[in-house]
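In the two complexes that follow, chain A is the common piece, with chain B as its partner first and chain C second.
Right after this comes the complex of A and B.
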């Protein structure tokens, strides 16, 4: 026979009775408050190579960021640790980059523009013919009237004519519409500002180096430089409610971002909207991007990549606007563990000088890390149009085939303002 | 091709390595000294690029061990290169790490470029190619043979080709597992049944719970 298992079976009878009696004594005495603990709480180690220690260190880090006294200090603590991260370029030659960028930023792309809210009739409706003449003036000035002495060298054609045309167009239109839109009158127009954002999404196993085998979040950084940017002191109204369920899915890609191709670098984790935290114009209105020479329409058509033309516009819109809106949200004190309580909204116009595409972005969630994304049904939404030409051709000193719809859409973008104003 | 180069070279003599072919009558060429072994590529040809055109020597191909394979480098003013039957080949390989659906992985000759790969696939096989990326894989030099000499694994170039027009490719399973059910009544079936019975007899009684049969009273 097998020996009897060790346990309470062999306890002597008297001892058992006394133990039961002792329990009964404890249960009958119900004091009002429990006595203060004699020993400090038993928590996991801080420095051990264990999951509980890692969790404890993460909790301590989150607590530090939550308790930071100012926004600048919060941003400094958030991006304090430098590690290898993927550098996401909004203007990229990679194929099908818009689907990858949607998965990195948890964005749903909706073709078309958002449902137009009723704009309050401002003081004096804008005169379209006046604005059209402004646009044609800017166009003819760059294409015909101004004698540009140097011929553009390799890959500098976009900076030569379309760049100055866009700058002139936007500055003159925003100045002309300042009377109709009081928000534009108090706005700030930046030329070639820096927009940076750093975030973590998903998890991976470190494959090389002294940290091999450890589970690490996948880190991304966007360093963008839009051509022109309009920043305003008041936030734009939301297009749809915060918890609106969008008819669309965020594409899920099960491959590593290296396959896009996307490359890693380690440097400063910068979060910047175009101005520092203390600036009063800390909300974004509209960005204007210029497609670079290497991604021009003619080059893509010559390389037999005609279907990638719209993809470049979309990828640029999604990445740039996500970086800008998310950086605005971080400037207000939100971050991945403290999700946004109101949606952040921005607009963008992406053009290569002739073709214009319009994008609207609503940031509903900043919680993209694995831990914060577990029960997060919210998704960010990006609306975008196809690229359409503003004009057919510029022959001599007149513009052929000027498209009024594009100008109207541009004007509506610039006139966008919150209901109170 | 290979036949042309063999015709120009003087016939090989037994027991002695063939002297190198006479230097071409182009000015500015260095004269090569001494017999050259087939493994050493004709580096002098490529290095003396003084004249009207340089030739890339690619003698590291395992298949072309006997001759130098020359790839005419295009320079402005030269006639456009037209290759009808290529000297260089590509091998479709199964990717070591999972690749996206539109990406195909090849091992190509070290002298090929991504433009060569694109033209090769488009012109010869009519495969629409969007983008090609290449890299060179270094073969390690750590293993040692029985004489304690270092043995180098050869380097090779890998090309990742992204297909166009929305096409996808999945490397096929070349050795699928075949479940052969032997027909009932045949010799194999009876043999298999007999072997299974024998195997069952060898296994211990499951009621003993894994305890060996020599352990007991």
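Right after this comes the complex of A and C.
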């Protein structure tokens, strides 16, 4: 700090008192403008192996990302550095994966569905009997009427009947509900799109390699492929306000993610919602996931893991929806140092062909790194139901025990739209 | 590297292994090679009477030509020596039937074996003569352009989407540019996505015409149809494309007079090439008719077949002519299977012709086809013929620019779609709306 305050300079032995031109004389007035600095600012080194140098490099990196001219450039700079990261699989066989994923994404899980906002009366309430006949027709076509191979190949049963059934159901329902929901008429339907997200949460010490001993953020990457995805040009309305205090806690797990098990790899840090930034449909509406063959109900029951059935649905919902919603937020220019100013909302339906579970996700914060999370009271919220069957059985050309509530819930999900429309 | 990055390309002046090297380097074929002239030699083998080439002549082994001459082998020594011939040992027999290592029954021993050969057309059949061959095989008369009934649907202003051009161009950009984090997506990813996006746009018209919701798409279904054509049995089998099924059948597109006028038409032959060329010859077959769906299916009538030609490699991909031939064969197959199930197996002229539409694309070029099955009497080449209207090689856009063209540091050619033609999507939509829309020129066809 200069000019050195007078009276504080200790004179070492043998040092002659030299006149310091910058010191103020005791009885003079300070002029209006301070004199321009003669020396550049004293800052920490850029390349030293020290904490202050690391801080300075981080600040420079954040400043570069803040000043990026376009969103594509911002995403490129954000994920430019490649390091080993944990690859998080939404559809996983790990036990109690939903609690781990909640801690990775700072999400509170609330059972049930969000408080229903007042939906404005649309141009015409949809006829449930017509939609029920559409759903039954799709079901019977795939199960009975269309001639298929008797036995599908090993581990391909889900893509043999339930996959085409879900695709057909969603496309015909969204076409039929286009009149009630004008947002669906301008939506974009993707089949098997790629959804990727990369984020950092928490800190750890690097244990191996030339960087041993340094403190590094823990990096995660989700690479997801939902069965069907509906993207819309306008954002869905929020379920609860941005700073709503949720009754629930984010689980804290005091183990390394390796224990889940979760494995590290190093490759492209991709952030993708299903199409590039230039696409006008850059907000998400609903995703539809199909439970894979290795996580089916029968296999889990045979392995005495009946309590993990709901866990697979929840883990899939939390991870997929977090990745999609956070990627949508990054497509709008927000990131961990520039937190979201409005909540981002998405919905998902996870099914194995017969059992359906509904999830809603509200992203309130993207600031998950240690530095950004220090004074961040906001949490992301995920609402989810238990999986319930859509029908009891399909015998010949009859559907027995069709459950209208599931269909109604699906229709309400598809009819979700902002108030202006 | 994260995000969009330049693709790794060889440098501008790099030598290519397939291009000429040395003083003629850089001179790749400027003019596309014209197809070879069709002579008997270039199509199938030498003409009758000419001597066979050396490699095709029958070569008998030396042992047959010089009797008594035997090779000395190391079979007696029971070990290999390099100066003696390799013995021909008898094939090892297991002694018992192991189902996991059995070659299976021979063709002659199979229960469905027949002496008479059957020619099968499946989804990888690339016919040499293309549409002409398919016309002969299906006893069809070709009409250029789409039928006037479908064209009148295009002219109606109510049959257009809102912001149609903008939405179609968004769909094209989505499929061709925005679908992947890399710079350029492959045809295998963009071609089916483009078709799905266009179908999604067509489905949004269901709010205007509620009868459009009474349709169902079927993927991965198998069709089977068999017929006899001038002493050869022909079959159409297998998975073909995406089928749109409807509750109500399509009304016939041609009037009775036009149907009767086809009696005078003579089918085009292409001697010396046999019309069954490139079809798979099988001796083990079963003649059956199957639409792919069981009885009682709520959407029994085939409406439109969508073909996606998305092979990445050009030699594997179907050329437009072969794609049109495949579309015609499978539209005919679906129509014939439906007609046989509705009206019985006897060959006859149909009172109510069956109409099936077909659209094929390879991502940029669209082929539109409307096929009307008038008769199932296909054994002779005389009599009433079927009708097909083909609108071929409709470009939806000319090309896509992925990177901006910069000349002297100024962006001269921005990235995007170049040469967009709105008519192609109008025809696509018209074929989709056909059957659900009352157009002005519709007359009652009895």
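Here is the rule we go by: the second predicted complex is superposed on the first by the 393 of 421 C-alpha atoms of A that agree within 3 Å, B and C clash if a C-alpha of one lies under 4 Å from a C-alpha of the other, contacts with A are read in each partner's own complex, and residues count from 1 in each chain.
Quick note on the criterion: a contact is a pair of C-beta atoms (placed from the backbone, for glycine too) under 8 Å apart; a residue touches a chain by one contact, two chains touch by 3 or more.
Treat the numbers as computed from the prediction; the structure is a model and nothing was measured.
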| item | value |
| --- | --- |
| Chain B versus chain C as contact partner of A:255, first or second or both or neither | first |
| Partner, of chain C and chain B, that touches more residues belonging to chain A | C |
| Partner chain in contact with A:95 - chain B first, chain C second, else both or neither | first |
| Which of chain B and chain C A:275 touches, first, second, both or neither | second |
| First, second, both or neither for A:399, with chain B first and chain C second | neither |
| Contacts of A:305 with chain B and chain C, given as first, second, both or neither | first |
| Those residues of chain A which chain B touches in one complex and chain C touches in the other | none |
| Interfacial residue positions of chain A with respect to chain B in the complex | 95, 253-256, 259, 261, 304-305, 307-308 |
| Chain C contact footprint on chain A (complex, rising order) | 72, 75-76, 79-80, 82, 130, 134, 137-138, 140-141, 144-148, 164, 168, 171-172, 174-176, 178-179, 184-186, 188-191, 193-194, 196, 268-270, 272, 275-276, 278-281, 397 |
| In the complex with chain A, residue positions of chain C that touch it | 1-4, 167, 170, 173-174, 177-181, 192-193, 196-197, 200, 203-204, 206-207, 212-213, 216-222, 290, 292-294, 296-299 |
| Interface residues, chain B side, partner chain A - complex | 97-100, 102-103, 128, 130-131, 133, 162, 164, 166 |
